[in-house]
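Take a look at the following structure, please.
Chain lettering (A, B, C, D, E and F) follows the sequence in which the chains are written, and residue indices restart at 1 in each chain.
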Amino acid sequence: MASPVYVINPNSSQTVMAEIDKAVAPLRSAGGPGIVCLSLAEGPPGIQSQRDVDGVVTPILRKAADLEANAGAFVIACFSDPGLHALREQSRRRVFGIAECGVLAALTLGQRFGVIAILPTSIPRHLRYFGAMGVMDRFAADLSISLGVAELSDEDRTLTRMVEVGRTLKDMHGADVLVMGCAGMARYRAALEGAVGIPVVEPTQAAVAMAVGHVRLSQALAF
Amino acid sequence: MASPVYVINPNSSQTVMAEIDKAVAPLRSAGGPGIVCLSLAEGPPGIQSQRDVDGVVTPILRKAADLEANAGAFVIACFSDPGLHALREQSRRRVFGIAECGVLAALTLGQRFGVIAILPTSIPRHLRYFGAMGVMDRFAADLSISLGVAELSDEDRTLTRMVEVGRTLKDMHGADVLVMGCAGMARYRAALEGAVGIPVVEPTQAAVAMAVGHVRLSQALAF
Amino acid sequence: MASPVYVINPNSSQTVMAEIDKAVAPLRSAGGPGIVCLSLAEGPPGIQSQRDVDGVVTPILRKAADLEANAGAFVIACFSDPGLHALREQSRRRVFGIAECGVLAALTLGQRFGVIAILPTSIPRHLRYFGAMGVMDRFAADLSISLGVAELSDEDRTLTRMVEVGRTLKDMHGADVLVMGCAGMARYRAALEGAVGIPVVEPTQAAVAMAVGHVRLSQALAF
Amino acid sequence: MASPVYVINPNSSQTVMAEIDKAVAPLRSAGGPGIVCLSLAEGPPGIQSQRDVDGVVTPILRKAADLEANAGAFVIACFSDPGLHALREQSRRRVFGIAECGVLAALTLGQRFGVIAILPTSIPRHLRYFGAMGVMDRFAADLSISLGVAELSDEDRTLTRMVEVGRTLKDMHGADVLVMGCAGMARYRAALEGAVGIPVVEPTQAAVAMAVGHVRLSQALAF
Amino acid sequence: MASPVYVINPNSSQTVMAEIDKAVAPLRSAGGPGIVCLSLAEGPPGIQSQRDVDGVVTPILRKAADLEANAGAFVIACFSDPGLHALREQSRRRVFGIAECGVLAALTLGQRFGVIAILPTSIPRHLRYFGAMGVMDRFAADLSISLGVAELSDEDRTLTRMVEVGRTLKDMHGADVLVMGCAGMARYRAALEGAVGIPVVEPTQAAVAMAVGHVRLSQALAF
Amino acid sequence: MASPVYVINPNSSQTVMAEIDKAVAPLRSAGGPGIVCLSLAEGPPGIQSQRDVDGVVTPILRKAADLEANAGAFVIACFSDPGLHALREQSRRRVFGIAECGVLAALTLGQRFGVIAILPTSIPRHLRYFGAMGVMDRFAADLSISLGVAELSDEDRTLTRMVEVGRTLKDMHGADVLVMGCAGMARYRAALEGAVGIPVVEPTQAAVAMAVGHVRLSQALAF
């Protein structure tokens, strides 16, 4: 039986974890690796700052160490990919970050990717990351919906803002593919894609799909 | 039942097709999409020049049109990704190229990717492609094993040359991940990785894994 | 007597060919190479998609092979430079593409080039090409006039749209030189330049000028 | 009296701290800001992995919060700039990282900078950082002296290895300026510069110089 | 006693020189190097064209040669950094340019820098320079206030235009740090920063701070 | 009768001017623009430093002003393109630089260009220029033959060194096209190309070919 993919949501929100779990459910298969989503009890309610990003690395590493023996792969399910490289150092399993995989998946769907961030303060952090990834020549823009946590519970408003931002990315900045710049928003993906008219990548799906493929391949013999 | 992923090997070689089929076999699952590998009868024995690349686009498009109704996704299984963008225009299905996916997968495994080409004449073609992908800041080097088709049948010699080139990419050019710059060579992947000591991406596996993930996700409801 | 420059218009339009012929006429000189413009009977009426681009490569190569013995140089007169690298492989003559030469000429006239495309669907194809050329740091934007073939026959409307797009490229995107992103539109060049107030490159002229220079130099002795 | 520059050495080594203190001593002046160097008791003996880097962020933030009221500026004195952006979010003071400042200073001294790392495992981390900084077009190479902690106490051997690596960076990779890729090695700077024959930047000096300048300017009126 | 930093304003304006002198005054310290600002009698009233830039190099070199024996470092105080590399060749002292240092300082304060130019004709010159610096991936935009020399004496109008341009750089182009693209305007820095809400770098201050730090370090023993 | 192309060799060497004149002779045609080569009496014997580059701008501008009324175009025939942008400001004619045109021509002949410099001190100057041109992604390397002026008169030795450097650029740095990094060396071009086996661009020929094409086009009506 294949070892599971562990999807670590580094905040403490059970709601976000449940959304992620629902988003990646179609990637489960009978003979394939399980996909186990979990939150970090020690994590903040949401990861909104560089401090939050850096602060969850140690608990991620600790959690992953506990899971190591049985793990097929790890996915870090926060769009800042906290602890991605630290966990790659620590673990003998392959580690996928949702920002990295989300952007890479977008590169197969359009020539210039736009990113929809929740908060404006996330944007410079994203830009540093895209620079480290070396993909700035494919970058259109990163714009935020600028809604606070409380406002995110208003689904209509959230979708409306995402569509507005998505259209601006497409029409003003030349994006022909969008990446959702956070986890836990898969429920908006199809509607957003329909409204803006260009592909939209949900990053946890992108990362877990790559992780599942990896586990299947690595656990087969001969290659 | 999920529509299959069609993996189109654009040369006419049944041997290459069989190798690809074996390489991607672990990605098949009970409830998941089938993975159907096929060669192009009209294709050349091998794709070695830009002329070969451009020349197979029309037969690829024709073949894909025949398969469209039943297809879940397409994979073009030649490291020059012939017809990738033309098929994306033509088809309502998602289309994956093995060069694109192989390089993107490598970006999750190391900071600078090296490519092992078969022929030296492929290298400028690869460089144009990596430039179009916007990933030159992550590029270490692309070196060829410089073996003719006849010589490739000598497996020991082929692996020996791959290991030599892989070590040069690592030691002289700073590569920390390698991409095999052709299809049909998956049988060398594990040995090469072991000998050079850095991860090696087999590009048909990388592309088919992404395609399978996409089919699973797109055929589920709601996202 | 110098061998001629063959300018291959890869669509079947005699009108476009005649426009190109008129555009490059000033580059003909008594002792210099002739400039022979021709269309491809097998080509589509216009090249509007990646499929069209890839589809004309084989007829271009066949036509060029027929002309090889007598050729001084080749120019491929379509802004997607179809078959450029395949013909470079096949031919012992030098081969110039109008997109490549048009953009390079623009780099001598301004710091950031803008491109005026006919159709919005051409833009990602252009971007891939500029990426492969490695000139994205000099790129301002690529915008389309979005006129269908029928509408292009309305010259006033076409020029009006070109001027609008040219001004947007200059004022909103910082372009200080423009490239016309198609062949056969030389008649608008001067008016466009006058109206927008920055240099405008007509790409067939740019490419044929380089080709003529090359033939003169290569057919002289000693250098 | 000007508020001091706090130089936080995020490892627990008093030796390294003393070396830094000596290196920046010439930047102290009568009327200028004090320069206070301190180590983190909670830090590891040396920062050698991404895990170490991420792990010291929380103690750095805590220490800096304690010092905030009286601080003129902060310098993070580890070549991975741990916590740089998190501290910029937290603090109302300006924050300087020695990797960032060391590389920027190098850009004023040569066209291509080479970096001398201690350990080979640091190199991909450095590359990600230089990518995030957007300076890869100025990057020559990053090579390590590959000495373990115990071996570093052998000063002759350390300098010998630094000179070897520096010469390789200059002769094989075209570097015309070097950056020392760690803190606490200022005592080798002059000898290294003399032996290799190109400028060598000691990064704590580069960062503290900028910090002192900033404090002087910000504490004056009117500008 | 430390040798002074000579700040060469390459135009002939005593007003600009006095402004620079005032801007850098806080960087003077009892035991530190003096900071001596001077204008070039042979310089034009203002440096507004590439011709002006190239034309002042010879007088800058002559003036610097006269000062060489006693100099600790040189700063060239014009945002086109005229003669920067020529003086680096000629002098045994370190030479700082205000454009180079201003942009590098901005890279420590934000992820994307915007530049406020006086004249629109300066912009392509700036872009060439930022390209030579290799920092275009961090570049937001460069926009001008488009005021003539006479209009610059109207301080309210000048500040108003700077604020307008600064806000456009921030809101439309994503700049999160600004660089003042000329010398002699330090008096607007604080007000501009307050009005736009992102950090503003005054480039003579950035350069002189680095120069002072260098002199202090180089005149100390042992490092 | 077409106005001539003025080729300004900014050094005072009649030998270099004569070499340039011979190199571009095949570009003269009966009805075409004349090509007039001239040296600058005020120029140094050779341009070897940034100081030399900057120092010849004023005499170039003066000379060009004298020639303006009758000029069709200008070519600045020194591989540092001194005064290129200043002359573009001053003149109503188009101005071509041999470094710019030589590199751009190389981009049509190979994917990675190598440059053969005379002196090692020219290399950082070249790199700044290629950075300003935005073509570093296509750059292989720039290496010098390191011969002094006296040694250059030994033609065998000069060619031998050029071939050595050309082979290193090809074999070690992946160049597939070479640019001669100085004027006046056209006599070595064919032999160098033959010996190294990849195309070699002589930059005065590249620039004058573009200039002649421009004059022909601009002096025709209607386009």
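In the analysis below, contacts are C-beta pairs under 8 Å (C-beta built on N, C-alpha and C of every residue); 3 or more make two chains touch, one makes a residue touch a chain.
Since this is a predicted model, take the numbers as computed values, not measurements.
Counting hops only between chains that touch, subunit B reaches subunit D in a minimum of 1. Contact with subunit A and subunit F alike is made by B, C, D, E.
Averaging C-alpha coordinates per chain places the centre of subunit E 32 Å away from that of subunit F. Chain centres here are Cα means. That of subunit A falls 25 Å from that of subunit B. Within subunit F, residues 124, 128, 131, 133-134, 136-137 each touch two or more of the remaining chains. Taken chain by chain, the contacts fit none of the simple shapes, being neither an open path, a ring, a star, nor a full set of pairwise contacts. Contacts from subunit D toward subunit B in the complex involve residues 123-124, 127-128, 131, 136, 141.
Within the complex, the subunit E residues that touch subunit D are 22-23, 25-27, 29-32, 94, 96-97, 100-101, 104-105, 107-109, 133-138, 186-187, 189-190, 202, 205-206, 208-210, 212-214, 216-217, 219-220, 222-223. Note for the complex: subunit F touches subunit E at residues 49-51, 53-55, 57-58, 61, 82-83, 85-86, 88-90, 121, 124-125, 128-129, 131-134, 136.
By the touch rule above, subunit A contacts subunit C in their complex via residues 110-112, 137, 174, 176.
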